[in-house]
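Quick notes on the structure that follows.
Chain IDs A, B and C follow the sequence of writing; residue 1 opens each chain.
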């Protein structure tokens, strides 16, 4: 869990992922000699801050987004949201601007404007913060016997899962993407690149979902049959059958809202079968995101299996 | 109308179009020897469940989506919508799961949550249905002297229109697409394929529209000048002029909402002129969709004309 | 300001940009001999109504949209909006249909339907207008000592800025795009073309923004750090640093709504760094859009600088 803890402590709001990129590149360089297969590492010019790892003869790609939600300083002490944090007064936010390190507090008020409820978001700090500065939840990793709790399990757990799978992966691609929390911006060209160069048409979205009445903590990894988009069901049924046959604890998710890097694949100019697979978490998009180790283990196992069998 | 009746009876919710794909492929194989020109048939690997028919030296492509709206079983007896059905309690829904055939009823209740009206959708049936199972409206085709009425005229009538045009088509492409009712997912790559391979830049969207105050039943096929998107008007004016000169009954539609496979073309990475042309129907997105034969005839005539003249 | 005045008087609602295309092509032909570098002019078949000018060895592209907001005649005397005009009764609208020139008035009423406030838009005129006819704000250019005021500064000022920059541009691309006010439709293929042919990955969006509490008239050109999308911040920081070092008056914009041709680049299949840079204007999307010459000068200066330095 040390790796996950470190991943959760890195600030990488959407559009500003360079710190995560550097950390992952460094991690891969330091650890790949212990991996079963040495991947080709693709990054830099033409890939922005994203990373592609290519193992052996790939048939399927894992997509894990590196960015996190947060806030950006706008005018005066006002903040705008980066992605969809569920703000509460008192949350600790950290960042850095021209004057140095920042450790401030979030203040939330609900106002009525034109008959609509509107969130007023401000920071409280002992000085002014530069306009445009991104702020992230302050790291606070809690490793317990049966669970982990931290800001940004979404999606550092998805990144961590991909890095776990990397250790034994023989054939496959891992894509670390950017901008996911603000609707995407890199998966289109990353997907195009790996489809044109390697002929990949199958994707797994390594990401985190909400615990709900239908998808409960400790009941297995969630395989999403749909969210606001509906992927090709024949591909999902193949995945579900593999999970069932191999006795991996899983739950089926069927929602009519929400999106992911899978949504971007669905609307890209490529030919993609995709499936979102991840653990349900409590306190979604807060500093107290909580996932259960039994579900995380199921996630690892299912990804390892699918990368072999699909 | 036998062909249309059969098309309307096939279950093919978005993402699950294989039954329609098989039926159309079989129909083309059985009938193409009677057609003026034998098309090249493109499908399978790299095209998911979509089909492309290429006739002669194509200049224009017809897009007709194969999928239908419906419901998917979520948690307990709850349903989520596939696309935008306008649900009413008592509607008959059919499908199939691991335990066999399903013929159940829809139950709709309106609830208030957080100041918003929200639809609660459930099924009523004598057993539990597998999570994720798609349900479609029960077939109920009514062929009358002047009209047809059935679930899924949208878009089996658009598919049927394309298959009618196919009989005499010399130069052109017909694309049977998927996922349209949930916002698309195949037109991007289908359009890319035919633009790169055949240089096609002109499209006609063979689909069904709503009867409104401005576009009335029995007044001719609707030529849509815009919906939520605005296509290039010079292309539309060419189409309107051809319809007028050839005395085909038509009506001009001008709306500020709604989308189609045309919307996907508009936002694709290709260079597309497109126009939505289809009959107005009553009881849109219900099991009682009704279109008038005079409008359907006008639709056939206009497509045959445009595929020659554009 | 004569050129800007003429640009503001041309009717070119989204989807109907041909008059602007013709004017710009003519302007370029007449003036390019006075420019520092003669650009290659790309337009016509395969580019719809858009234009690309290529100067020298380009590294960065300026995107300026040619289309304007307005209204289209729908059923009876009803209008639907083209883009997002902020309508008020009495505004003068002009256009042309099969019976000749139109100079009519807008009528706006607010109705309540299903608990929602809804705009009812009609025209008042001495005759019926053809269905589908586009209407634009009547030209009304006011050139004052310190400001300009006119319908369609958005985005004729962005077009004008690009044409100013063209005079001294050595290496770069200028793209005149279409459909921007209705969500786009040409930038995808224009961006693809220049990225594949010239390897361009950097874009500047020459467009107009709203004056707000944070971005005020006469305080310099606005550099947008984000709107509803979040572009790569490292690119923005490079731009901001160049503006600061060169003492060009600028303001940083940080909003959570709004889009532009930049949004289309962000979601395209290409690899794009982009930044929206334009003057703040008062009375946004009305016939009385007002911008200040000091901000326009800063815009010109910043574009000239960035096209050299980026």
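Structural remarks
Operating definition for what follows: a residue touches a chain if its C-beta (ideal position, glycine included) is under 8 Å from a C-beta of that chain, and two chains touch if they have at least 3 such contacts.
All values reported here derive from a predicted model rather than from experimental measurement.
Under the stated contact rule, the graph of chain-to-chain touches is complete, every pair of chains being in contact. If you lay the C-alpha trace of subunit B over that of subunit C, the rotation comes to 120 degrees, to the nearest 5.
Separating the CA-averaged centres of subunit A and subunit B is a span of 35 Å.
For subunit A, the set of residues that touch two or more other chains comprises 268-269. Residues of subunit A that touch subunit C in their complex: 13-16, 18, 46-49, 72-76, 80-82, 131-132, 134, 178-179, 182-185, 188-189, 192, 268-269. Of all residues in subunit A, those touching subunit B in their complex are 201, 212-214, 225-226, 228-234, 236, 252, 254-256, 266-271, 273.
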